[in-house]
Every structure is written in C-alpha cells, then in structure tokens.
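So, here come the structures, one by one.
In what comes next, chain A is part of two complexes: it sits with chain B in the first one and with chain C in the second one.
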Partner chain A sequence: MKKSIHVIAYAYAILILLFLYGPLLVMVLMGFNRSPLYELPFNFDLIWFQRMFTNERLLTSTRNSIGLAISVSILATFLGTLAAWALVRYSFRGRNVLQTLLVPPITIPWLILAVSMLLMFYWLKIPRSNMTLFIGHVGVALPYVILVMITRFQGMDRTLEEAARSLGASPLVTFFRITFPMILPGLVAAMMFTFAVSFDNFTISHFLAPQGVSTLPVEIYSAIRKGFTPEINAISGIIFIFSAVLILISSREIKFF
Partner chain B sequence: MSSVEIIQVSKQFGAVFAADHIDLMIDDGEFFALLGPSGCGKTTILRLIAGFIEPDTGRISIGLSDMSGIPPEKRSIGVVFQNYALFPHLTARENVAFGLSVRRVDRNEITSRVNDALDMVELEGLEDRYPKQMSGGQQQRVALARALVTQPKVLLLDEPLAALDKKLRTQMQVELRQLQQRLKITTIFVTHDQEEALTLADRIAVMDNGKICQIGHPEQVYERPDTLFVSNFLGQSNIFSGKLIALENQVGKMVTDHEISLSTSWTRNKRVGEIVRLVVRPEKVKIAHQPPTGSNQIAVKIIHRVYLGTSTTYLMLPPHGETIIAFVQNEQSMPAFEVGQNVFTYWEAENCFLLED
Partner chain C sequence: MEPALGRSEGITINSTAADKEYKTSGAKPPRRNSRQKQEIWRRLKNQGVLWFLLLPGYGWLAFAIFIPLLIMFVFSFLSDVPFGNRVVEFTFKNYTDYFSRSFYWKLTSKSLMTGCYTTLYSILIAYPMALVIAKVLPNRWRSALFMLVIVPFWSNTLVRLYSWAIVLRNGGVIDLLLQFLGFKPATLDILYSYPAIIVGLVHGYVPYMILTLYISLDRIDNSLLEAASSLGASWWQTFWRILFPLSLPGVISGSILIFIPSIGSFIEPRLLGGRSGTMIGTIIEDQFIQLFNWPFGASLSFIMLVIVLLLMGIMALMLARMRLLRTQ
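Here is the complex of A and B:
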C-alpha cells in the first residue's frame, strides 16, 4: 500500500519534470539536427551553431545583452544593498510602508511595467536611448536585490559589528572586515540573479530600447517573425544552460523563493 | 587606574527607563556583578559603559577620563557577549588577532600575543578551527581570549556563561575568577544567576526596573538584604510581618500578625512600635522535637519533604500563618523527620534580620 503511493508520487514528479523540460529538450536537440524544418530522422550536425556564429545581428544583440546584464547587475546590486542596509539597520518614518511596497513590482506583469515606464519617459520628454533601457532594467531588478539582501542582513548578528567596534575597529574597518565578508555570498547571489533577470528580459527591452539597438531576446523574437531557423535553437540552448546554471548557483542563497 | 564611574546616568527606551539615575563606583581591579531579572536594565548599563549606546543624561568615566561621545573603539574595553559574537568567517586565531591587527600591531608581536592569549585560556591545538567547529565552552574561551588580548582597561561580560551546561559553567566560573585575579583587570559582569554573582563577584549590585536596589559584598546582600525584592532574588526567604515590641541589648523582639514571638539581633534603625518584616533564610532554620531554649521557635506540622542528596527540603505549616521552608543538611543517611509529624522549627536570633522596607 505504502509502496504503491511511493511509486505514484515518483511517477507524478517525473511527469511534471517532463512537462517542464520536454520542450526545452526538443529545442536543444533540434539545434543539433541538420534539417531546417525539424524533420526526422535526426541527423547530428553542428551547422546551426556555425551559422549562428556568422550571424552578425545575433552576435551583436548577444553582446548587447551581456553588457547590459553585467552593468545592470552591478548597479542594481550596489543600490539595492544600500537600500536593504538602511531598511534593516535604521528605523525611520515610513520604513514598513517602503518595505511592503517593494513586493508588488515583482508581481506586476513586466508588460505593464514596461508600458508605464515608456509612458513616463514620453511624458518627461526623454527619448528612448541606451540609458532608458538601462534604467528600466535596473528598475525591475532592484526589488529582487533588496529582498535578497534584507534576508541576508537580518540573518546577520548585529553583535558581531559591536564586537568588532569593542576590539578597536572603526565603523569603516568593521564594514570591510566583518560585514562585507559576511554578506559576500548574498552579494554574489544577487548579482547572478539580477544578471539573469536582465539577460532574459524581453518586455522591458522591447519597449525601452532605442531604434536599431536590440537585445538577444528581442532579436530572437524578430527572427521568429521573419521565419524560424534552427540557429535560434542553437543560441537558445546556450542561453538556457547558462541561465539555468546561474539560477541554480544563486538559488542556494535565495531562500524565500 | 581603571576604575569605572557612573554618575546619575539615565537611559530611556520609549517610556521605559532602562537606567534610572544610576550611580556606581567600580574600583580598579574589582570583579563587579550586575545582578537582576531580565529587563531590569543590567545589560543597558553594560552597553552604556561599552559605548554601544549613549546615556540620555549623566556621565560615565573609565580610568578617570570622561567617555561622553567617545565611540566604543576608543574606550579600551573588552567585551564578551552572551552569544560570544565570534566572527564566523575567521578561525580562532584570526578572531583573537582581530583586535591587534586593526590596531596595526607588528606582525610578529601579534603572533606571540595571540599565542599567549590562547595559552591563557587553554586552547592550544584549536587555533585553526572556525567557530562552528568548536563546542560552546571552547567558543567561550576564544571570546575571552579575544577580549583580553588587547589588554583593555575594563572587561565587560554579558551573561557569558548562560549558554553552557551546569557542569561546564561551574568549571568556567572558577577559571574566570582565577584569570581575573591573576590579571587584576577591572571586570563588570552581567548575570541573572544569583549563585554565579555570589560565587564570582567582589561586590554585587542588585537591579530592578532600571534602578539599583542594593550594592554590597556577596555576604552583605545575601545575609542582610535591604528589601524583599533583594531577599527573594538572592534566594528563598521565610517572611514574618508584625510589630516590633521591644529593643534590649541590640536584640529586637517582635510579635507576628499570628501572635508568634520572634527576636532578631539585626534590627537596623527600627523603633519600638514600628511595623516590621523579619526574614530567615531556609538553611538557617532547624527542626527538632525539643528545641533549645532562648531560640525563636514555632510549633509546626511537616507537610512535604524533598530529598536532594546533600540536603532535604522540608515544608512546614504552623497552626496560623504561612508555610515555613527549611533546608536541612543530610548528616545522616536517613532523613530525620517524616511528613505529618508535629515538630518544632527553630533558629537563633543572630541568624535572622529585619528588612529596611
């Protein structure tokens, strides 16, 4: 009796994983199939990867995406860490309201955020540029950083800083020798996570990127509209594996997800 | 000189006084205990001395220099926290070396002083372990070595033994006292454990509600407490309230509310006719079928008996009035009295006292 329940639970888990990873697996495999029309039988070939590396538009947009994601992760992590520090360590008027207001932006659809940002920039008469794109990405990444770092700071014993002070360390020395090493894993996790958030983001980029600049997700979208080629499978496969590794590493630090 | 002076210091958190006009003088080299229940303000005093918080009013000096506005890192203090607060990303050796390295002490000197400090607390062989790889007692020793290696003027201890089990705690009490006497360092020790305060301290300040109730040597506060709070906090008390009816040759005679005559040789400045409270500690109370004449004596019935190995606790009820408790040493292997027996409980006039208020 007990054993049969065990088997059912196991089968159920496998089904869910298949449902989640099946399409991805098909996509990655088709990147290695010679036929451009996804025909079987499967003939192993690296032609789509070779094509991908000669496709200038695809490569440029990939470089754009990587550059954008790196700068977004650095700035968002820096700003978000300072905000989290203030929210945990100082009590001031409206702190609870601020902290509560951090959660909704995560649940609001990116489409709505993107449109509202576009409208705001239009209203402020700021034309679409690399800067608007950058600001938009930092904006959607910030709440994640703050939430990650708040849990990190809350988990850190405040008496450690007092102990350092009592031993003769100034506030600055205390930060660099005690606080910083202790939050470092959280910082790394936050940076990897925001990198992934920015790199994967289609909606914000679609609305806020200037004319002629495209990020990888935007490029993939327009390529599909023109006609799907397995080059997209090849690059999608690479991105999938890259993102999955980033999230897996950082999820060890992010416990509230 | 590393005396600590606290003059009229107050600290309020919201509407609550955590320290209410505190005056304290702690001598150079003294082992001073701040004793009280949780929330009485004892930790606040320690944090004020350390400089983690600033007093609202009043002044604190360490070694005769005013500490107002001086941050903790410039106060020459060593602190051992209740949870030890060891730096988790540093080894035992690096933890101990921290205070010296931020002071930019020469590298060779750091090595030798850290080794000395680790030897002092008997931690040889564990230098390269991280805090989480050590037991509670070992972490405690690292915390102590870390606080002492910078040769502070004052050592502040915030319930450092509370997290240890009873046997280890007793052992650490002895070691702590010996170490303190050897180094002759002014030490302020916060605890809620009255036994620990009595064992370790030269003097004890008993605190309640942000105020100091009584300051004195362990024998003074235990044997001659001023108030009911101090008496009850430091141990158990049998309390008799009544009226002082006579004073002769330093011996006061009182009659309790239940018409029992008792006398005491510790009458403070009470006058005949005043309402007073007499306290006798349970270990001073004896039991006999025929008590010696001249002692305080009450006819009682034994209602409960608890055997504790070295002693036996008896609960006894007089015809009128409240239960009397006695701790009797087990000098023979069998307890002498049975539950239900009618006996006399007695004690000498010099072994009981009147409360101040």
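Here is the complex of A and C:
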C-alpha cells in the first residue's frame, strides 16, 4: 500500500516535470535539427547556431537586452537596497504604508503599468527613447528588490555590528568591514534576479521602446507572428539555460516566497 | 559621538550611553541647553538620512508607477488624444461606450472565464504535486524538485511561449504524436485556438500554485494526519476534513496570484490564440498600438485595474478572516 502510493507520487512528479520542461526540450532539440521547417527525421546540425551568430538583428536585440538588463539591475538594486535599509532599520510614521505600497506594482498586470507609463510620457511630451525604456524597467524591478532585501536585512544578525561598534570601530569601518560583507551575497542575488526580471520583460519594452530599437523578447514576439526560424530556437535555448543558471544561483540567497 | 545609525530603535537614543561617552572621552559634559540642541540636531540628521535612503527608490516608484496610473485615470475621461490642435474635452463617453456595448461585456466575461479556467486547472495540477513535494518526498529531494519547478517560472516568457508554439503547431510534436497513435485528423489546429491559450497560461502560472500550496501544506503537522488515520478516518476523510481546510490559505493566495495576471494577459492570446485570441488585454493593446484611441484604452485599463484591486482586497480580507478563525 505504502509502496504503491510512492510509485504513483513519483510518476506524477515526473509527469508534471515533463509538462514544465517538455516543450522547452523540444524547442532546444529542434535548434539542432537541419530542417528549417522542423521536419523529422532528426538530422543533427549546428547550422542554426552558425546562422544565429551572423543574424545582425538578433544579435543587436540580444545586446540591447543584455545592456538594458545590466544597467537596470545595478540601479534598481542600489535604490532598492537603500529603501529596504530604511524600512528595516528605522522606525518612523508611515513605514507600514510604504511597505504596503510595494504590493500593487507587483500584482497589477504589466500591461496596465506599461500603458499608463506610455500615457504619462506622452502627457509630459517626453518622446519614447532608451531613457523611457530604462525608467519603466527600473520601475517594475524596484519593488522586487526592496522586498527581497527587506527579508535579507530582517534575517541579519545585528550583534556583530554592535560588537564592532562597542569595540570602538567607527560607523564607516563597521559598515565596510561588517555590514557590507554580510549583505553582499544578498545584493548579488538581487542583482541577478532583477537582471532576469528585466531580461524577460516583453510588455514594458513593447510599449516604451523607441522606434527601431528592439529587445530580444520583442524580436521573438515578432518571429512567432511573422514566421518561425530555427535560429530563434538556437538563441532561445541559450537564453533558457543562461536564465536557469542565474535563477539557480540567486535562489540560494533569495527565498522566493 | 553619537550612537550608530539605526541601532535598534533607530531614532530614539540612549541618554545614559551618551553620558558615559562624555565621561570616558574626558570632555566636560555640555550643559542641558546645548544637550537639547544636540538632540534636535541629531533628530534632524536622522530625518535627513531617512529621506536620503527612501526618496530615490520611492520617488522612482512614484514617477514610474503611481503617477502614471493617476494620469491614466485622467486620460480615460478625455474625448480624444490631446494632439496638435484637436479640441479635447471631459466626457464619460469612454465608460458609457464600454457599459452599453455587449461586445465588451462578452470580452470581459471571456477574460474572466479564462482566468477561472487557468486557476482551476492550475489547482488541479498543482495540488497533487505540492502534496508529493511536501509530504511524500524525502527531505534531500525536496529542495531540488522545488528548484526544478521554479526555474521555468522565472525564465523568459517569450521563450516559453515560443516553445509551445513549436510543439503545438501543425506538424509539431503533438500533431505527430497523435498521428502516430492513429488519430488522423489531417490538421488538428491546436495552435491558434482557445485551448492553446489556456495551456500557455497554465504552463506559465502553475508554479505559483505549487509554491503557495507547498508552503501551506508543509506547515501542517504530520501528527495531525497520523492521529486522524489512527482514529479510523479514511484517506478521503483525512484529506477533506483536515488537509484541505488547512491548506485553504495557500489555495486562495495562489488563485488570486494566477487569476490576476491571467485576466490581464495579452501575449498568450495573441501568440497562441490566433483568431480566438481576442480578449480584454488584446483589445487594450490594440487601442494603443494600432488604433490610437488612447482614452478608450485608458478607460478599459482602468476598469481592469479596479477589478484587480477588488480581487486583491477580497484576498486580503479572506486571509485575515482565516487567521482570525484559527486564533480563536
């Protein structure tokens, strides 16, 4: 009885993992298939990876995405960490309100946020540019950073800092020798996480990117609408593995829930 | 010298500690009056540090999220996009248009139904999985499986959808598999149909449900279940009378977390739904990208925003109620 339950349980878990990973696996495999129409039988070939590296559009949009995601992750992590520090280490009036304000930006669909930003920039007569794109991406990434860093700071042992201070270390020395090394893993994890959030974000880019500038998700979007090419499989496969590694590393530090 | 910034209570200071510091440093203790001045000065400085920490982040949030939402609200009452010399006036027309045309009602209910289907299928798929992770698997496998569930969730949405398009298209893996098994409707046309949208949405959001359910199931003490079965309860009774009620907070928060993005989705319907992919999300996108009817798009977005906020409020109330019941 007990054993059969275990067999069923494992079988079910494998089934769900197959549902989660199956399509991605097929996609990656088809990137190695010679046929441009994804026809079987399967003929192993690296031609699509080669083509991908000469596809200027695809490469440019990938570079755009990476550059945007890196700058977003740096700024969002910096601003978010400052705010989280204030929310954890100071008690002041309105602290709970500020903390509650972080929930709506995460739960409101990105479509609504993107559209409203588009309207505001139009209202202020700011044309769509890399700057508007950047503002939007940082805006949606910030609440995640603040929430992540709040849990990080709350779980921090303060006695070390107090010990350093009572042994005569100045606030500056205490910060650089004790506090900063303690929060560093959290900072790195938050940066990786915001990188993934920004790199993944199609909606904000769709509405706020200037004409002619496309990010990788935007490029994949138009590829699905206009016609498939295995070059997209190739780059999608690379991206999937890349973001999986990012998430796995950052998850050591971030408790996702 | 002053205490470290934000040490325990932050703004309040420990006066005896300050006294001690004056004694040990050998300096003469200052008079009351200047002590008070110093205290005020210190408070001001703390206040300044607080602003310095909070203002950049929250200022950015205000500028990128909250002010735009307000402007969207204003825009939804305009008769036209303020552009060149156009005469723009305040009107309720965008809202009366929405409420008077059954087309939009039908679309709204379609979006809501899509949210319901996505949530329902997610619960059905996720509950056994969460149960397996929380109660069956040995500890050392638990976190590994947990990670395996999380990875596709945080990976690229467009990559995910692209993979489904590859799998579901005519001549794709599912098609070939069905043909191989002997079902041979020449073209199945799964891609570009309503079920394809649901599949894409469930695939994207089911990890939410697995995670929230896992968290609430993990908290349930195993001895409760053992007590139930040793007192003669069947596994169905144990599940229905103990496990399920105790996991309800997880079900509720997971449902809301899935329902909200599902009704606001527009990428999945666009890419996987084809002609049957018209939903409120895609209509909103059309107003902004194709039709340049921004005020109407703003009013549709605002209506959706109200629905979303209502749902969040309901969730908060339900969860608070449950917590209250449990403590009583």
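Keep this in mind: the second predicted complex is superposed on the first by the 256 of 257 C-alpha atoms of A that agree within 3 Å, B and C clash if a C-alpha of one lies under 4 Å from a C-alpha of the other, contacts with A are read in each partner's own complex, and residues count from 1 in each chain.
Here is the rule we go by: a residue touches a chain if its C-beta (ideal position, glycine included) is under 8 Å from a C-beta of that chain, and two chains touch if they have at least 3 such contacts.
Everything numeric in this text was worked out from a predicted model, so none of it was measured.
After overlaying the two complexes on the shared chain, residue contacts for A:I14 are found with neither chain B nor chain C. Of the two partner chains placed around the shared chain by superposition, chain B is the only one that A:P181 touches, whereas chain C remains out of contact. When both complexes are overlaid on chain A, the residue A:L101 reaches chain C alone and has no touch with chain B.
Look at A:G168: by the touch rule set out above, it reaches chain B but stays clear of chain C. When the two structures are aligned on the shared chain, A:L46 is found in touch with neither chain B nor chain C.
Shared-chain residue A:T159: touches chain B; no touch with chain C. Counting the residues of chain A touched by each of chain B and chain C gives the higher count for C. Shared contact residues of chain A, touching chain B in one structure and chain C in the other: 162, 165.
Across the complex, chain C meets chain A through its residues 4-11, 46, 50, 52-54, 56-58, 60-61, 63-69, 71-72, 75, 81, 125, 128-129, 132-133, 136-137, 145, 147-152, 154-167, 169, 171-173, 176, 203, 206-207, 211-212, 215, 257, 260-261, 263-267, 270-271, 281, 284-285, 288-289, 294, 297-298, 301, 304-305, 308-309, 312. Taken in their complex, chain B has these residues touching chain A: 50-52, 71-75, 77-79, 81, 83, 85-89, 98-99, 102-103, 146-147, 150, 156. The touching residues of chain A, counted against chain B in their complex, run 157, 159-160, 162-170, 173, 177-178, 181-182. On the side of chain A, the complex with chain C involves touching residues 5-6, 9-10, 12-13, 16-17, 19-24, 26-27, 30, 37-40, 79-80, 82-83, 85-87, 89-92, 98, 101, 103-105, 107-113, 115-120, 122-123, 135-136, 138-140, 142-143, 146, 158, 161-162, 165, 171, 174, 193, 196-197, 199-200, 202-203, 206-207, 216-217, 220-221, 223-225, 228, 232-233, 236, 239-240, 243-244, 247-248, 251, 256-257.
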